[in-house]
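In this document, chain identifiers A, B, C and D correspond to the written order of the chains, with residue numbering beginning at 1 in each.
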Amino acid sequence: MTGLLTVEDVSVRYGSLAALAGVDLCVHDGQRHALIGPNGAGKTTLLNVIGGSRKPQHGRVIFEGRDVGRLGPAARARRGINRIHQRPAVFATLTATENVVVAALPRLTPRRRWWPGGRRRIAQHRAGPLLDQMGLTDVATVPAGHLAHGQRRQLEIAMALAGRPRLLLLDEPAAGLSAVEVGRLVELLQALPRAVAVLLVEHRLDLVYALSDTVTVLRDGRTLAAGTPDEIRTSPLVRQAYADGVA
Amino acid sequence: MRDEVIRRARGAVAALALAGLVVAPWVVDDYTTAILARTLALALVGVSVALLTGVAGMPTLGQTAPYAAGAYACAVVGSQISDVGVVQLAVAAVAGAVLAALTVPLVVHARGVIVLMITLAIGELAVTVLGRWRSVTGGTDGLAGIAAVRPFWGLPVLANDQDRYLYALVVVTVLVGAVLLLLRTRAGLLLRAGRDDETRLRASGHRVPLYLSGAHIAAGAIAGAAGSLLVVAQQYISPADFGFDTSALLLLGVVIGGTASIGGALVGAALVIAVRDWLFGVLPGHAPLVLGVLFVATVYLLPTGVHRARGRWGLPSEPADQPDASPERDQATVPELHR
Amino acid sequence: MPLTTPRRSRALTATLLAVVLTTSAACGNDAPGTSASGSIKIGLLASLSGTYQAVGTEIRDGFQLYLDTHDGKLGGRQVDLVIADEGNGAQTAVPAATKLLKQDRVSALTGIVGGGSVAGVTPLLDEMKVPLVGSNGRPELKDVSRVWHTSYLSDEPGAAIAQHVHDNVKGSVYAIGPDYQGGWDELRGFTDAFGKIGGKLANSDGKTTFTPFPATTNFTPYFARIKASGAAAVYTFYAGSAAVDFVKQYAQSEIKDVPLYAAGFLTEGGVLNAQGEAARDIFSVLNYSPDLDNAENRAFVAAWKAKHDGSPTTYALASYDAASVLDRAIGAAGSDPTPEAINTAIGQLGQIASPRGTWQFSTTTHSPVQKWYLRQVRQDGRALSNTVVGDLATVGR
Amino acid sequence: MMVVAAGSNRIDPYLIPALDGIAYGLLVFVAASGLVFCFGVANILNLAHGMLYAIGGYTAAALFDGGWASLALALTVGVLAAAAAGVLLAGLLAPVAAGNHLSQALLTFGVALAGGSLLVAGFGPDDPQVLVPAALEGSVVVAGHRYAAYRLVFIVVAAVIAAALYLVMRRTRAGMLVRAAVDDPEMVACLGVSPARIRAGVLAAAGALAGAAGVLGAPIIGPGTDTADTVLLLSLVVVVLGGLGSMGGTLLAALAIGEIQTLGVALLPSAAPFLLFAAMAAVLAVRARGLASRWRAA
């Protein structure tokens, strides 16, 4: 079985601080892969490297068998790597539907992207079902800037899915959500199609264990351990790391 | 429901304003008509400034460059090839678009104050070239004696202020209508999305520089067309028409009108230019003082009207990740760059 | 949320626009230039703000002085003088002139500092069939049928002094000036005439050096080039702030002992005061100097000094003469001095007595055929002033 | 021997322009340094900065009488007046949100227009005479060339000001706060100092520096109707080229602009009208491309 995404020996330095020091990672088709680790372990930096917004000083990122190291975030998104940000990033003055339409456009064929009247069809056939799935149908015509935090998070997931991702990068999707919203988020993520692989960065271990089938533990910019949730849960090494690094 | 009412009201106000502008030449004197014609040309440049500043998020002081390119192209065509307005308009728009296309590599990657300074340099360089390229531009004293225009083959030439004004009004109405229609398409949607959050737009897989280049060229074409209107309205052009004070006043006018709204920008730019021209006539020697006080007062009268200038505004170091920033910080998408 | 506010602002701006439109419309339509009561409307356009404010103010004051000393009348008619601000150039001059011509319906236009402004106003003059008696800037024009100038053509000062420089300078002369139309014309006037009589330029390529205008505030690099060229004298033209910078820096530079010849504007009026000692001994050529000895000038200077500090400048004089031209032309235009009649009358004025000496309009260029004077900056009482040291050629075509 | 002579001859004509570029660059630096504070610390786009310089310049013209005492007096008065104008500007800016550059531009542009015409109304449209102390009036011989004595002294004084600025920024608490504020704008908010006081302090400091530049620079870029615009434009160019908030960068940019305007003009006279803006546009565009290439989108 070949990996969908392979990260080889990636290093990132901020001045004298090594955020990532030779990290290897492999995400397979349809895998639910979680990245955990104490604060400052380099989780978000690794997502940035995979997403293309941070260029590593060393190492390779291979996606679907091709080295994407030279591509920026936009080009990677067009190849199927989509990203959910720590702070929900939506287009504030656009309506929820428009947000999803904008996100859907790049993966369409050029003809369909610019076909006259196609925008309404995209809105109906692509955005409508996604908003429905996220429970956002009622607010479809509301500017995204007016949505509540939880709704914006859901909207961002809808946008990511509209881009027909092969790999979804989730950066602390539960941050700032209420308990009810977190429950709904877990349902949403569990219901994602198996064609979409997920790489999840999350502090809350209960979510990690509920959502993932593989867990990689980062610490001080290195891979500390990797395995199934059960293996990680019982690993003394990981307990030790968390006792040191996380409240 | 309320939105619907507001939309209707806006439409009604716009229709009323347009009707007022159509009948204006029969109500006001020749001076006002002449000034209005000239103001329309400048307001159209204001629209192109708003398209870049408000819609695409690239604040510009350089739209005088394609404006000048259009004006001089129109003057050259007018004196040597054709006196048909439509031809001159097309040539001017193409000239403006070509000049804008040439400057795309300079501006498309820059943001905020940096774009402002690069476009300022472009505008100043354009004026310098105009002043020195005497065989074509007539040098710093400008080109006078430009032949009158006939709007279309077979129509009479525009011989008086009313005709020139109405011609300008028709052209501006058509072009502004075209811009408004364009902004309702996916192109407009993408530009607005990019203004809201450029990083997010990239993250969705969009080729943002391509869109910005397109917007820049389109704005150049509009400014170029406006240049042709200036030639018609004024029958004289000189580098002074395209100097820094013109671009500064246009940007400020657009800010007053609300950068994100094309209609607002049109009114704002027209207002600033009209007030300036009017003051120089009625208050000799005190025009800059009064104009300055008006600008200050405007900030207080319309404090919220100018708050919408956001998006890519702010310091350019912000969206780019800084080496000294914390690892956790560099992924922030910073939708609003209030520091 | 901010969604409603821009609309409010837009409504407000629309209202403001409406107010401006109605006020400007309301105060319009005064109709004809001459009224039944026998008064006549004259429009004066000059830079009363901005870079050329000093010159513009002189022009306004010169015209006003003529009115004040002639009971406020021109050609026997009470003058309604409408003043508008030219600003920095054509972009503000054209709308202001449009107001004078199309709203105030003046019978004649005068003033105008910048050549570009004059060029911008000419289409309006043709359309409204109103004459301009300009008192400063005079661009190259295809059609001068309604354009008259009491000043000079920009290439005349240089042409007038070329012979003198040729006769008195042993060696080559370095020519330098500002890079705009005025500078090109002024320097071309000198270099053409100088070359024709066998003079040699010291400039390395034999062509005048032009400095970016108005951007150049620092002339040191040019002085280094002049030094390297080994020139025996320098000929230049600058006005306003550039003249101050040039002269002050010249006096402190390594070419401070190289004689400096210039078109008179280099040391004319307020700039001489700002230059101070640095201007001492500079030679310049101009059509006027306050110390000219004739009756008209004595009266003119006395009247000026009664109202203003310091001596009158050539700018004030040209505007004073413009009023004098209009005075005689309106008087000669008969009982109905229409703009066309005034224009015709100007062409038939013949010799005009003036503080600068007698002059007349050239029939081809509509600018003066006049005598030029060589002046030198010398001590005059407590202050430095331009003193006439000789007559140069009479120029005009 | 021949070669050496030819070489020195080739360099010789450019010695004075190069020296003058330093004087000019240092003047632009002192004038622009206040704008760095406005941008970097208070995040204000201040288009009235040139007017603050003009206040200093007119003060110098009014008070200079050729003696040393008048120079000291003018410096004191000019700095205080420009600083006071800065505080006034800070008060006017109070209702405008920090970082809202367009509103700030609108307001400060208005202030510059109005203030500029008030200055001209007060001091007259003619360029005023600037009388420097007699000892500095003449010229001195530098490496076989004459050079204005005042400019030579100015280079020393401006260098001292630059060094003092550096020391203040590096060694004092206020300087550290300023540097921290440039690095991390949110930090200022955490300090508990009210934004209004920071704004007033920054604009007063900016005014003082611009006023000092105006007084000391009056014999070089003298007061006049266009002074404010000239100085504002040069300052903006220098601050943006310098990286918006970096003193060191601004100094380098100012010296570069000084040399472009003097040495560049001497070396490439035919390109003189284009040099400044072409250089600026090229540098900024290349740098922006560099930033963008980190994302390398498309």
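Assume a residue touches a chain if its C-beta (ideal position, glycine included) is under 8 Å from a C-beta of that chain, and two chains touch if they have at least 3 such contacts.
Only a predicted model underlies this, so the values are computations on that prediction, with no experimental measurement involved.
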item	value
Pair of chains joined by more contacts [C-beta pairs], B-D or A-B	B-D
Furthest chain, CA centroid comparison against chain D	A
Interchain centroid distance [CA atoms averaged], chain A/chain B, Å	41
Euclidean distance of C-alpha centroids - chain A vs chain D, Å	48
Centroid spacing, where centroids are CA-atom means, of chain B and chain D in whole angstrom	31
Between chain B and chain C, centroid-to-centroid distance (C-alpha), Å	34
Residue list for chain B, restricted to those that touch at least two other chains	128, 132, 202, 207-208, 256, 260, 286, 288, 307, 321, 324
Multi-partner residues of chain A (at least 2 other chains)	53, 72-75
Sites on chain D at which at least two other chains make contact	117, 273, 294-295, 297-298
Chain C residues touching chain D - in the complex, by the definition given at the top	49-51, 53-54, 56-57, 179, 209, 211-212, 214-218, 220-225, 227-228, 240-241, 244-245, 248-249, 252-254, 256, 269-271, 273-277
Touching residues on chain B, where the partner in the complex is chain D	59, 105-107, 109-114, 117-118, 120-122, 124-125, 128, 132, 202, 207-210, 248, 251-252, 255-256, 259, 286, 288-289, 291-300, 303, 306-307, 309, 313-317, 320-321, 324, 337-339
Residue ranges of chain B in contact with chain C within the complex	6, 10, 13, 17, 20, 24, 27-32, 34-36, 38, 128, 131-132, 138-142, 144-146, 161, 234-236, 238, 240-241, 243, 245-246, 256-258, 260-261, 263-264, 267-268, 270-271, 274-278, 280-288, 301-302, 304-305, 307-308
Residues on chain A engaged by chain B in the complex (per definition of touch)	12, 14-15, 17, 19, 39-40, 42, 44-45, 47-48, 51, 53-54, 72-78, 82-83, 85-87, 89-94, 98-99, 101-103, 105-107, 113-114, 119, 159, 163, 171
Sites on chain B touched by chain A in the complex	185-186, 189-190, 192-193, 195-197, 199-208, 260, 321, 323-328, 330-333, 335
